[in-house]
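Common to both upcoming complexes is chain A, partnered first by chain B, then by chain C.
So, the complex of A and B:
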């Protein structure tokens, strides 16, 4: 792969020659589309969340916990958390690709994965605990 | 560096001196324009919105943990500094949403000529400001009113 080439040869290589084998990883389009799809998913989910925040503004613990424990709310919350951090991860990956070069590139990309992944999981676990971990409210 | 791309960056100034030509868009070379500012801030607000979402998850975790930690979270959201941070989260989310929609419109090949881009920029700023201020003020108003009427009810009972 990295056969030693003379500087002369390297400069004389055509742009096409350079691009061959160095270019597309064939995953860019998929990443780009996934980013748009998660953005489109986030629009209705965020709208739902804003409406819920209007309903919950000023509410106390019991009311909010009961709200979060309802199956539909918990499902929507989990969907919101998952799409948010999925979208955040793909966006931050692109930012790292664009601005972090050299040795820091791989650790930065792994760091983005780790942080967004843990945050997303924490959100999902919290929602699951609200939905499953409490006794059903007395009707 | 023996990179063929480097050769493409060799240019000369009007006095004949060889320089490394700037990459585009180069912050130090081009005059800042609204479209450029909005494109850059679309990324920045994406990062800020992610940080805000991390706080949102912290709120959810506090709620799941129990009444004590939820009371602590409410201290943050009820505090003026916390509300400024919440307002910043709302602003960055609205900003990133409007920016993202504009980028998507350009991606499908619409409104991406110079004239339309310059026309739509100020509209985007207006929409961002209007939606964020309305949302933040309405949410603040609703939660203040409700907690106040609740406190009154508690006193009365």
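So, the complex of A and C:
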């Protein structure tokens, strides 16, 4: 006589155990603030950048390098690049949280940080090169 | 990864048709989701023609009429029929609401009724809310105080302190909001959802509770709290007219306040 075979269950952990899960990560507030602060700083920086690009329309490299060599312009440019990529990183984290589940989640989140970090760094180096690496003025 | 379509065993087919009785004057068509765990068949939408002159004004009246007089196999939850028990929460005409509070005449065309979205189905319109109930329990929705209560009575609260609970104590835990939330559909295993966060805020703002900081600690998590994307479906759909999105915003405000 065989006992009736009970159906197989993948998960028999209690609902409360599942709801508590791994507990709180005790983070997220910093990210939430950073997302909003970077959005707010991007507004004036982007406006400034658009105005400057219209002013520099048609300028040659020497003129742009001269413009980018001024400390205020270089600072604003670097701030724009850093804010942009920081904001992009924050936003992409959220997209990964929403759409990437399971084993791919952690690598995707780290990947986003790596790629946006490298691209942001590239932008900063370009700004520094423009600002500091200016060829000597022509005689 | 991203789910763009229903799983193969969840795609909904065409079901049975139950015509109106002869002589019915005001006929309304109800299309209702049917699924049973007793066979391996996919869910279907059954079509019922209901004589509105024979029943009361609410969608729940129609469901009870269908079960009593047309098709006794139809399964749904209901109890109080006056919007206080939260049992008859379902998706009616594309919106999560309580069948007992939803007037049939408020809708145009066929009335389409589905169970609360994106939850496991027990049968027909009965969705499994075990996970959401456990999430509610995980935020410990009861008063936690270390000071002894006054020996001669209850813990007292000023009129102003009591007023802070308005808009939250009224929640009947029907989970219309939680199951309307895309963020909960995506991450319901980690995100607590609007109903539970509203309940959490109810205890965070309670002047008699002394564990506010612990409560904020346990909520500060990329998913538990911060998976809220302020989509606002919760506030839009709440059949009691409450504002879970505002409660979630308040929790976030407090999290920021104690960090800066």
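What we mean here is this: the second predicted complex is superposed on the first by the 110 of 139 C-alpha atoms of A that agree within 3 Å, B and C clash if a C-alpha of one lies under 4 Å from a C-alpha of the other, contacts with A are read in each partner's own complex, and residues count from 1 in each chain.
Keep this in mind: a residue touches a chain if its C-beta (ideal position, glycine included) is under 8 Å from a C-beta of that chain, and two chains touch if they have at least 3 such contacts.
Owing to the predicted nature of the structure, the values given are computational and were not obtained by experimental measurement.
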Chain B versus chain C as contact partner of A:122, first or second or both or neither: first
Which superposed partner A:101 touches (first chain B, second chain C, both, neither): second
Contacts of A:28 with chain B and chain C, given as first, second, both or neither: second
Partner chain in contact with A:59 - chain B first, chain C second, else both or neither: first
Residues of chain A touched, compared between chain B and chain C (which is higher): B
Overlapping contact positions on chain A, where the chain C interface meets the chain B interface: 14-15, 18
Chain A - residues contacting chain B, complex: 7, 10-11, 13-15, 18, 36, 39, 43, 46, 50, 53-54, 57-61, 64-65, 68, 77, 81, 84-85, 88, 91-92, 95, 116, 119-120, 122-123, 125-127, 129-130, 133
Chain A-facing residues of chain B, complex: 2-4, 7, 43, 46-47, 49-50, 53-54, 56-57, 60-61, 63-65, 67, 70-71, 93, 97, 100, 104, 107, 135, 138-139, 142-148, 150
Residues on chain A engaged by chain C in the complex (per definition of touch): 14-16, 18-21, 23-33, 94, 97-101, 104
Footprint of chain A on chain C - complex, ascending: 1-2, 130-131, 133-135, 137-138, 183, 186-187, 189-190, 217-227, 229, 252, 255-256, 259-260
